[in-house]
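The structures considered in this document are given below.
The same chain A turns up in both complexes below, where it pairs with chain B and then with chain C.
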Partner chain A sequence: MSETPLLEIKDVTVEFATRRGIVRAVEQINISLGKGETLGIVGESGSGKSVTSYAVMRILDRAGKIANGSVVFSGIDVKNAKEDAMRDLRGREMSMIFQNPRAALNPIRKVGRQIEDVLKQHVQADTRDLKEKAVEMLRQVKIARPEERYHAYPFELSGGMCQRIVIALALACQPRLLIADEPTTGLDVTTQKSVMDLVVELTRARGMSTILITHDLGLAAAYCDRVVVMEKGKIVETALSSSIFKSPQHAYTKRLMKATPKVGGTLRGLLPEDAELSPAASMPKISIDWSAKPLLEVRNLIKEYPRQGATKTLGELFGKPAPAESIFRAVDGISFSVAKGESVGLVGESGCGKSTTSMMVMRLLDKTGGDIVFGGEDIGVIPAAKFAVLPQRKRIQMVFQDPTDSLNPRFTAARAIADPIMRLGGLSKRDAVRARCEELAQLVGLPVDLLDRFPHQLSGGQKARVGIARAIALNPELVILDEPTAALDVSVQAVVLNLLQDLKDSLGMSYLFVSHDLNVVRLLCDRVIVMRTGKVVEEGTAEEVLGSPKADYTRELLAAIPHPPH
Partner chain B sequence: MLLRMGRRLGITLFSIAAVIVITFALTRLLPGDTAAYFAGPAATEQAIQEVREKLGLDRPKYEQFVRYVQDLSRGDFGQSLTTGQPVIKDIAARLPASAELTFAGLIVSILIAIPLGVLAAVKEGSAVDHFSRVIATAGVSLPVFFTGLLLAYFFYFILGWAPSPIGRLDIIYSAPPHVTGFYLIDSLIARDLEVFWAALKQLILPAATLAIFSLAPITRMTRASMLAVLSSDFVRTARASGLSTRKVILTYAFRNALLPVITTLGMVFSFLLGANVLVEKVFAWPGIGSYAVEALIASDFAPVQGFVLVMAVMYVLLNLMIDLLYGVIDPRVRMAA
Partner chain C sequence: MNSHSRISAVSAAPRAPKTQVAIKPAEAAGPAQTSGLKAILRQTRYVISENPITGFAFALFLLLAVAALFGPWIVPYDPLASNTAMALKPPSWQFWFGTDQLGRDIFSRVVIATRLDMTIAVTSVALVFALGGISGIAAGYFGGWIDIVVSRLADMIMAFPLFVLAMGIVAALGNTVTNIVIATAIINYPLYARIARTESNVRREAGFVMAARLSGNSEWRILFTQILPNVMPIMVVQMSLTMGYAVLNAAGLSFIGLGVRPPTPEWGIMVADGAGYIVSGEWWIALFPGLALMLAVFCFNLLGDGLRDIVDPQRRT
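And now, the complex of A and B:
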């Protein structure tokens, strides 16, 4: 690149003043971005990729500052510019879109007004054509019925639509640089694809430069010209995205790529060669007995909810059936079975009813109709409120999505694991409970000396292990895994997935694995059920469904997964 | 929206009904023979019995309750023994005095506490932040009768800036013609600035006493709520789009931070209703707080009952207003009924 770059980050170090002294979030990094170029910054949590982007915009927390080096944006020294000058730059020359779009918008201000605020600030419109321009922005980000949606509040829009609004905010003043910080994390794959395609289309049309910050190597490689890989605040590799997949140079990049689930890979293949396996891996495997009766049989399961906003009429209060429009079927007559020792994946996009189904099987939610037969007994007829104290509770356990939120912050790891043992396990002696906790900790590969720590003193992967140990504490026959690795970095996810597989093989449990990540499901599950709007779209072995899908919807889902260039 | 308001009004009516039942139960079911108090200490057994019949206290409880509700619906709160007036008349004469004092105290407090809380949050850890913490802690640690006396001692006795802390108006002035019962408003309606100033000067010390007391919860809540909102994602978005600091803090952060503050205001108002009783005593303020205390000491039950009823109804109505205000500020509340 012969012309001067739009953005030049030179030897930048960002420091945060914390209670434990000064922490360097980013050290000596060099990035340069040309006009119209798209650059990906890839790294796991704590790699400093977001901090880098905040430093460019100079919106670091009060505790953080650019300690060294220089950031130059089209000739302007960002590090030393006056705050007024920076405010003029932000939104007009460089702007940003964020992760978790719903939270990124002011919840109590109409989205149209929020776009107007930006336009007004940078004098891009006068009062007469302000509204017109805001509506035009909504139209450009492909929001249907923009005049109407101008008056919407964020909570009335879907996650994908909120992200489009955030994009409209960011592009309203035609900036030259767009920083997208994990713009599609938490969105469904098909939504992710449409959002990313929109970003690419709009930025290309305007000749803008883009920085895409993501933990997803595949996404970065599919949409960026160049990729920067960061680890622990340092840049370990910079390469063209066409070459980084073919010949990654740095060991960390290789490890990251290895840990990313992909077509044709194996679970073990996600781990680095020198990885230590949990003790469960070396235990004898229990093979699946396909001729036995299924452990779980779900028949024609239905869950209905009253439609949001629908209010009961007087007639309904006196027992008349509600009109059909006011009822929403979250789960609409689905049937499937899980064999002993089998792992079944339940996949689909948000709102497809997969979580509702798992909650009903877990007996945390009452069904509207259908049967849930577990081990020959119809547990669907037992009210969810009563199930918790029954002995059957021991046989079905769950691992939750967020390893942090699903642990009581006031309980130590040992106390969390001991909870089901003390309630239902029949052990009450302190020493016996402790011994069982240690045994479980060893099984899931959690160092025993971490048992007395509180959740905030544990890493994400360690918390996930505590959640798994808690779920298997009572030797359950069926474990429901609700996106157990969605909140984890890929390298941690690789370890946890392997652990889950080893535990299943050695303890003979069955899994019902709820996920939206088809690549993970492919690796862990024997069979896959694809759901959409409460119904089963397709069902079969993982290879059949994900290898040669029959339903259009499954094909659509598979196509939306970002593929790195080959 | 209308349905939600209707439902909320239903709850309000239910609360008021509950208050009526409780005030009834309080005076009837507590130990002590009301008839004996009414008949006086020297009354004979027969005289007490006569009083009991006259008051209907010999009737079954449910019949007494029906009569009590009937009386209330006619606006009859009973007679006060000490003043010899119908309770409703006493309360009507004294309520505006208390209301003026409480509202003045609350308004002063809001005007100081909210900007202070916002400033403390925006400049977290600065001198302003520490100053607001000290002020708030000091204010809430001192009991109101003590602050009241202290203020009167300094500003009236030592400095002589304030008029004598007795009543709503210096004796040389006469009360403005009754319109709202609030002297400040009535005197302005009558275009009598002299009386307005006089009434204001009387009001400053007791209102300041109440304000100092209620400063702490409002300041601390505003600060905490602002801090939470300032670190939220949408404020970061607003900053990243280059909006001015003023716009970010006032339009984006403050309006969102206001929701818990408004809830706190409702509670603070109820604290103030309680604190009022003491402040009115200290400043000889002719409000219903001092009226109720005097009645209570004289074992005069009808005024106490009336006082509790009026206070409870005011509190219920205030909470209704706060809930409706919530809907105005937060569109999400409007939707989720």
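And now, the complex of A and C:
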């Protein structure tokens, strides 16, 4: 070591006082960060990666404290520094970017003013040139028309732009350390790429050090000099990002890498060798009859919404049609079909209309135009409000994006699974319902003794299994999977994806898989439909579309996926 | 040294996310495997041991409950029997709280009054809980005209000075205990309707509601089986808080001569009776019923805080 590192974390243990005694979130970790270096901290949820960064900034919860070790930031002992000194340090010397940019911005203050606030707080500018400096910051984070956007409120900007503003706030006082905590989770791949490119460009230009906290090993390897892998509060491996992909040392890193979907991989390849498969894997597969009529046929489907803020014209009140510009077409005449036993991926970035489409097929939302033919019958004409109690309901089911949100916090797992069985399955005897719940739990690989637990007592993967069990409880013919693994860790995602594939093969269901993650779609889907602004851009088999894309947009999407250095 | 002041200093982050400590679900859920009742008892014990004031409130509540249920069997004298020879006696071993102008034992009257005051409070709160709660969750869940009717009704009631409104209702409907109950329920309606509306409104788009729709539940069924259990905890807390207010309101109406009529023992009337005697030095007539009233209100408010800790999972760190 020729020079002293900017940040030195030595033997740090962070403890939280909880009802069940003291919980060690981070144990005996050592990290040192040189000047101008970019360090990635990678780990799954609960690995203590965020807690580490909070300890550096000393913004831990009241219940948490640095129990052991030392944190030294450019000669200052962070652990024992006075609160006043820390306040001065935060923002000026080290700053942070959080996951949700909208939550990090004050919704009722102009973004330009918010940048000025930071500059004023740390006396970085005179009142005279405040505005000038704020506009300059906006220009640096590549916001188009910065003078105009200075007056914008956060809700007027897109998620990606909000994250740029947050970056501008973080960099306004020229700090020496930037901590980015999952800065691009929740952003689209193309936005993720531009935001990350921007962070790297700006921090390099200023010679800043960066800590990037992420669950995405690929992202960390693509943008960082060094990567620290954490598991359960401990550091298991520290390596140069150029070497970690080629020769991971620790078993956990290897497992993590294996579980990350990549080009040329298989579904089974995501699992560790000794993984236990669900009972569905060993059941006989149902072969697909490709010549049969399609199960679902969507023709020229349209969904229109009145544009936000559009006032009704006088003519409209008297029954004249609304002018075209006051109507927003979320789904603009799309057509596709799903064969029996087939899985079709519906991909696109946020706002492309893929969720609206799935909601209409699901009959939770009424269409504006077009046909939804399911099993030979046009179900699109039945109003969504009435569909819930019809027998057709049980033929189309859904697995939701957020397993936590989709389970009633006051119902046990068994009751969640039993709900469709009792309402539509025709079973009402307690024993019979219970038996069916246990059968389903076994099928999805959920230990039967967990059935009496409440959602908050289950892990993310277990909750996902409950959601899947509920969706397949009525033997549906079509299951819509709305980003079923987006809220899960990669290792859990690997298991859930395999489970979904096995269930499909053994039960003969069709899947409509809605996702933004092309690597996952590639593994699970037979055919892919790429959507953009409510229209189908490209359609074909997964190999065709993702292997040799024809549309520019598909190519753009594929290129934005972070690729580790080879 | 509180975390808020520290977080506000982070320039890039006006709002920091809550630090989450990952407890492995397996160990977190270990003892929670037991039945719901046991879990609630365990939680209650924990809250009481963490916060002795809640324990105190529970003890006070128990005292009130005993007085209300077994009052007639504990009191030493008949609360209605006047004995002019013993009129206006100060507190002594014979008459713990002294006697009033008709020689009635104030201790006996205070204890007996508990039942009436509690009955008024409990029934009015139960009534408003049912009406306000159900109309509120329906308003929040369905929106549309139900929402307009419920919200505007709540606004209308809120526009009046509430105690004056209660006076008006009792005066118009007639001077009975039933009407006090109705009046107390009406003036509390906006609170319940608004809380229930907000709580159900944030859940109408939740994933589990959509999942229930997919399971074949009708909208009303979703409202009662999915939304209501989630709104319940906060409503129960609200119940405890309004109980104190309801007691005060009932006593207040009686104090000004509406509602319960003498000689029925009731805290409000007793305070009103004693008010005239304070200047002449007979302070005990008004003091003890007033003290009982104060303790009851105090107890319910503390209990509300304690209940919030019990039902709020956020506090279960």
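Quick notes on this structure:
In this section, the second predicted complex is superposed on the first by the 565 of 566 C-alpha atoms of A that agree within 3 Å, B and C clash if a C-alpha of one lies under 4 Å from a C-alpha of the other, contacts with A are read in each partner's own complex, and residues count from 1 in each chain.
Operating definition for what follows: a residue touches a chain if its C-beta (ideal position, glycine included) is under 8 Å from a C-beta of that chain, and two chains touch if they have at least 3 such contacts.
These numbers come from a predicted model, not from an experiment.
In the superposition on chain A, A:I108 makes contact with chain B only, while chain C stays out of contact range.
Once the two complexes are overlaid on the shared chain, A:Y223 sits clear of chain B and of chain C alike. Once chain A of one complex is fitted onto chain A of the other, the partner contacts of A:F155 are limited to chain B, with no touch recorded for chain C.
By the touch criterion defined above, A:F374 lies against neither chain B nor chain C after alignment on the C-alpha atoms of chain A. Comparing chain B with chain C, the partner in contact with more residues of chain A is C.
Contact with both chain B and chain C is seen for A:R90 once the two complexes are overlaid on the shared chain.
In the superposition on chain A, A:H122 contacts both chain B and chain C.
Across the two superposed structures, the residue set of chain A contacted by chain B and also by chain C is 57, 59, 62, 87, 90-92, 95-96, 98, 100, 103-106, 117-118, 121-122, 166, 169-170.
For chain C in complex with chain A, the residues that touch the partner chain are 1-3, 5-7, 9-29, 32-33, 46, 206-208, 210-219, 226, 229-230, 313, 316-317. Within the complex formed with chain B, the chain A residues making contact are 57, 59, 62, 87-92, 95-96, 98, 100, 103-109, 117-118, 121-122, 153, 155-156, 166, 169-170, 309, 311.
The residues of chain B lying in touch with chain A in their complex are 3, 124, 232-234, 236-245, 247, 251-252, 255-256, 329-332, 335, 337. Of all residues in chain A, only 16-20, 23, 25, 45-48, 50-51, 54, 57-64, 83, 86-87, 90-92, 95-100, 103-106, 114, 117-118, 121-122, 166, 169-170, 172-173, 181, 362, 364, 385, 388-389, 393-394, 397-398, 400-402, 405-411, 416, 419-420, 423-424, 452-454, 456-459, 462, 467, 470-471 touch chain C in the complex they form.
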